[in-house]
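Next up, some structures in structure tokens.
Both of the next two complexes hold chain A, though its partner changes from chain B to chain C.
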Partner chain A sequence: MKRKGQGFKLFVLCISLGLSGVWSQASARDGELPPDPFRSVMWKSMADRFFPDGPIVFDGHVKVIAPASAEDQFHVPVTIDASGLDNVRQIVAVADLNPIPNILTVRPEQAVSFVGFRVKLQQSTPIHVGVQTNDGVWHMGGTYVDAAGGGCTAPAAMHATENWMDTLGLTKAVARRSDLEHARTTIKMRHPMDTGLAAGIPAFYLSNMTVTHPGGELIADVDLYEPISENPTLTLLPKMLDASSANLHVHARDTEGNEYDFDVLVPSSVE
Partner chain B sequence: MKQNFAWMAFAGTLALAGAGTATAADVTIDDLMNDQATTDNVLTYGLGPRAQRFSPLDTLNRDNVKNLFPVWSFSFGGEKQRGQESQPLIHDGVMYVTGSYSRMWAIDIATGDELWQYDARLPEGILPCCDVINRGAAILGDKVFFGTLDAKIVALDKKTGKVIWRKTIGDYKAGYSYTAAPLIVPTEAHGPIIVTGNSGGEFGIVGAVEARNPDTGDLVWSRPTIEGHMGTLNGEESTMTGTRNETWAGDMWQNGGGATWLGGTYDPDVNLLFFGTGNPAPWNSYLRPGDNKWTASRIAINPENGEIEWGYQTTPHDGWDYDGVNEFIAFDMEKNGETIKAGATADRNGFFYVLDRTNGDFISGSPFVQNISWAKGIDENGRPIWDPANRPGNPAESADGKKGEAIFAVPSFLGGKNWMPMAYSNKTDLFYIPSNEWGMDIWNEPVTYKKGAAYLGAGFTIKPIFDDYIGSLKAMNPVTGKVKWEYRNKAPLWGGVLSTAGGLVFTGTPEGYLKAFDDETGEELWKFQTGTGIVSSPITWEQGGEQYVAIVTGWGGAVPLWGGEVAKVVSYLNQGGSVWVFKVPEQLASR
Partner chain C sequence: MGRLLSKSERLSERELSRRQVLQWAAAGCVFSGFPSLANAGKLLYPLTASKITDDTWAVYGLPEYFSSENGGHIVNVAFIDAGDGIVVIDTGTSKRFGEALRSLIEATIPGKPIIRVYNTHHHPDHVFGNQAFDRQTIAGTAEMRTALERDGTAFADNLYRLLGDWMRGTDTVLPGKLLAAGEETVGNRSFIHTPLAGHTESDLLIQDSSTGVLFSGDLSFLYRAPTTPSADLAVWLSALNAMQAMDVSMILPGHGPVDPKGESITQTRDYLIWLEGTLREAVAEGLTMNEAMALDIPSEFSGLYVVRTEFERSVVHLYRQLEDEIFDGIEVTR
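After this line comes the complex of A and B, so read on.
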């Protein structure tokens, strides 16, 4: 029985993928949407709210990598790799069935269209990622994550200690050259990322992060939202200007107006 | 109506002239200074920088107040109720109101719909002495500002409620906190500045007044209230407050108290800020010989540089927690055919003072509560004539050195008048003082300072003086020092007062009633039961040709926390958290 069911799902998925290719050619968001390969009941709502205006195409260049079954609904690792797309304006990720669906928006300026992060999930949900190119087209990808409930409505673990505010903003950052042109940069910061949905705890989360070259040129600008996991971890792939070592500057701000500034050293690629 | 229309046209021209810097919906510093005269908004705490709490509106009057009915009520929601001491602001059809636990809402007045809500993310270890209240916001440009219980000041985008900046007033772990409404005033040197005090007088903090740039939150100047501490101006040390050890012995000035926890007022006429300062720390006065300046005082500060222009101490060497933060209200007093630039304040210690606001000279001091026992009166220099028998005894002289002789003092440490602001009617020239008739048993104990711990050195319990009432709303004539009429209330009064050109005086009671009185006679003309105690300040404004009244409700504040025997008359009162808006319905307006 089980096997049969899975086979049926797979079959439907193939058909809808096929259909999407045809439909997207014809429609320019006149109310018609390509069907969702993840069969989300929220698909139209998500598309209207988070991927408005431009045409939508399901595109294999947008890879969304996450566990099929989450071990921990408070920390579900997700990687978005759209490095095969050029002229990217923004990357928008949403968890359809979260009480607050939007997860993050990345505007890569001098970075590969790539981001890694961890997210809280309230229940099993499709994750949709729209990568909008400069021509306005949304290139869609996604995945489905099976998760236990309650990721967004429980208090952050750090609230078990009274002095959690003492370590707010404490950051670990590491960068290494993934190849000659790129530096894989991971930033982890102490922050409760309170959703406002746990009883008696107002929303309080890191809301924006920018990464710049030493000369001030923008590498990436990231908006973060409530579902990003406590102690947010963000991985980006900045394009380096040359082979020498450089201090990338990170500026972050949370919803209470706290500002965080620090540098990340990228080693020289010639050593 | 016609007059109001003319003003709006004027505002329109101003906005055009300043095009590019401010949009029509932004609030200018001139708007704030003219707040008392402009009836279609409430832009300042106190309905004008002088905080006279007088509205020139007379649409609503003694004849039609009986037709006042609720338009809507808005719940602050959640599980966070407790005391609501806030006064709303009104601008461009929107109400900005703060609530307990450092929350703020923007509400569409036409519908009562919420536009946004901001909840400060408070740390676990906040130390508010006297309930988790907030008294209100300030507004300028495209921002609204308010202080939070962890001693921060926050600037929010008034359209969205998003944080623009947030700055630290003090270290909440050392007992600092913030509950007053910030004050915005003009300066020549710095442009508009946003001025705040601080709270935490029970934890041995040092009182201060600070001015910031409203666009950035950057500190412009700071002025400690306690002798021996240095002020700052433009990031550098400026001058010392007073002379170290002049009125303080040893190093007691270092944790001397003098918190400016009720905020301040401003008089554009003499260009001075007026701040009340709280009790000295600790309460045990034997540990700090001297007058202990500037605790339990009124100080006038030059907004350009933060220098103290004058000070007047209502309770020198306080030994009763006569925490003299009470608002100082500028008014012009006609006496013997002269106009005196005066100011008045009704002190915690039970005396109503009139001072010359240009230099702080004492004019008069008259009791506004009965049976005052700590002083026999005020001498011609404005100094209290102490009754040595009614200062709590020195614990060092007791047999075991642990507890001094207990005495009964009137008023109680919660004061003849506490935080709740009085009103000055430009129509009757009377002050309407929300006061309480109570005393206390008080005794002193040894104490040493410890960061973040209560720094009192005293024990106490409050007792009513009369069987049938504690609260007493009084109409005080500042020229004669005589009370013209009194309204008595069973529970202690803990809410502010509003007077109007329509001949009405509004105030709320812990029993839940918003009441309107005849300003000449004190006759009660109207009341409405809001469903929970009122400990906040009413406002009034005009919108679409109709006069509105609003009050925040929600029982709490210091009385249920400290009330002693008074608890008997208030312990049954239930908490709440909402704002009520009233007007005369259209179908009744013509009657």
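After this line comes the complex of A and C, so read on.
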């Protein structure tokens, strides 16, 4: 409810800025905001909130893959593939009409600009993905997903189990070599990812995950937000340092300060 | 398919099944010109009865997924003249469908009461016409009833979204009579009940012992991709094996034309084996669900109606459980 209040204040602020003729100063962006191919009613608001600090270009190199119609509004699979872009600083995904639009931010340091995950949707919505390159430009892509209502306001399934705390942080993973230089890892952690919007259940979610090489070099840094589905499952494509097997280190933390550390073994490319 | 067809029956098999497929297609043609939501309040299902054997009629659904154009007329239902009254197998997608089915039965066999209604399983396209029938005549298994009681509201919510006004007034009606394995006499006939599972937690086979016709519910599909929202594939495959061993004259699957040769059993089994194998491999490779949804469908199955849609839905239904099974456990320090 608190967030709705904030949204309303923002709305009022936008209106008053518009009326007082200072709208152009509200954004640090130079130039016009391009029209949204997904025709989102929230496009300007999304652009100003999440992609404020650079020019925006809709770019076919940002592929956002999701089903046109969600079979399960609690687990809507999304894959972002921006592997065609170089010098990527960050990948930011938002669901325009979710009560909490932020989905995730990925900073791929030594990884292909690619991520797979699942998201909870509160209603049918456009999904916008901005991929910011080091020159500051936001390369945009997106899609539209039709969904039944209520994905963000129902209790997580694990709350129906005997003692969900017992299995919190239980982790499973698969890691493969896709070729000499790259691996493919999918990491699944048991976590309720409570949005705070289900009656009587405060927000509690895994908020950050970093993946590093054995020597400590950062592969990817991922911020996760409330709409990421229960038991978050992330697919990343790390760039490997050499052909030998390697234990990638993962450090994750949630909004109650729990810290999780584990290694995922990537086999050598000659196996 | 234990009971073999006679030689003359076998000779006419090909023609028979072709005729039935044509009938089935014809039902689709009639249907495609049907009013859309623009005519809300005048929505009517154009149900037609196709006689499949003595005293037995199938009402074929379209080989499609739910849409506001088809009103959920995607499922096969059937009725049988049992002398003193009528036996109905499944009731369709909505209150309106149930009412249209009643009118069709009355037009086909005037003046007889409906004395038994079977619900093969709890999925909404098979049971949401229950409202049009006397609850005390509606029979299903105890597990099916529990499942419908649990999921009915969510099913209705989803169908109101997908079908709109076709669903007007539709509500969940639970069976008034519970069935276990066995045989019951209804009118001048007897029906064998074989409770199995796999497509859902409870799938009831109904066989008319006079004609040998097996009503398979959604344990078998023909020329239309199987659906998996409540499926346990291993249990489903063993149910198909049990069906294969039964002595039947023909099968009316829940979706697709009548099946005189048991093709629906082999086709459903082959598809499920391919589906599971493909998804297991995808999970083991670490593919995202979206990547798995885009995998090729082999030519053996690519001609099935709505196969791409159902394959994509199945990825969502089955992937997470396969991940839990296949992924390596990781030791975590907290």
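What we mean here is this: the second predicted complex is superposed on the first by the 240 of 271 C-alpha atoms of A that agree within 3 Å, B and C clash if a C-alpha of one lies under 4 Å from a C-alpha of the other, contacts with A are read in each partner's own complex, and residues count from 1 in each chain.
The definition used in the following text is that contacts are C-beta pairs under 8 Å (C-beta built on N, C-alpha and C of every residue); 3 or more make two chains touch, one makes a residue touch a chain.
The shown structure was predicted, so the numbers you read here are calculated from the model rather than taken from an experiment.
Participant: So if we stack both complexes on chain A, do chain B and chain C clash, or do they fit?
Facilitator: In the arrangement built by aligning on chain A, the partners chain C and chain B fit side by side.
Participant: With both structures superposed, pick whichever of chain B and chain C touches the larger number of chain A residues.
Facilitator: Per-residue touch count on chain A favours C.
Participant: Based on the superposed arrangement, let me know which partner A:82 touches: chain B (first), chain C (second), both, or neither?
Facilitator: It touches nothing on chain B or chain C.
Participant: Can A:194 be said to touch chain B (first), chain C (second), both, or neither?
Facilitator: In the superposed model, A:194 contacts chain B only, not chain C.
Participant: Is A:171 touching anything from chain B or chain C once the two structures are fitted on A? First, second, both or neither.
Facilitator: After superposing on A, A:171 lies in contact with chain C but is clear of chain B.
Participant: Check the residue A:71 against both partner chains and state whether it touches chain B (first), chain C (second), both, or neither.
Facilitator: A:71: touches chain C, not chain B.
Participant: Examine A:258 and indicate which partner it touches, taking first as chain B and second as chain C; both and neither are also allowed.
Facilitator: both
Participant: Of the partners chain B and chain C, which touch A:118 in the superposed model: first, second, both, neither?
Facilitator: Touch status of A:118: second partner only.
Participant: How many Å separate the nearest C-alpha atoms of chain B and chain C in the overlaid structures?
Facilitator: In this superposition, no C-alpha atom of chain B lies closer than 11 Å to one of chain C.
Participant: Using the superposition on chain A as set up above, list the residues of chain A that contact both chain B and chain C.
Facilitator: Correct list for chain A: 258.
Participant: For a test of understanding, state which residues of chain A touch chain C in their complex under the given definition.
Facilitator: For this pair, the touching residues of chain A are 65-67, 71-72, 75, 77-79, 116, 118, 148, 169-176, 184-188, 231, 233, 235, 258-264.
Participant: Note which residues of chain B are touching chain A in the complex, please.
Facilitator: That would be residues 78-80, 119-121, 123-125, 154-155, 162-166 of chain B.
Participant: Which residues of chain A touch chain B in their complex?
Facilitator: Chain A reaches chain B through residues 159, 162-165, 194, 196, 199-204, 255-258.
Participant: Can you list the residues on chain C that touch chain A in the complex?
Facilitator: 157-158, 161, 229, 283-291, 293-294, 312-313, 315-317, 320, 323-324, 326-334
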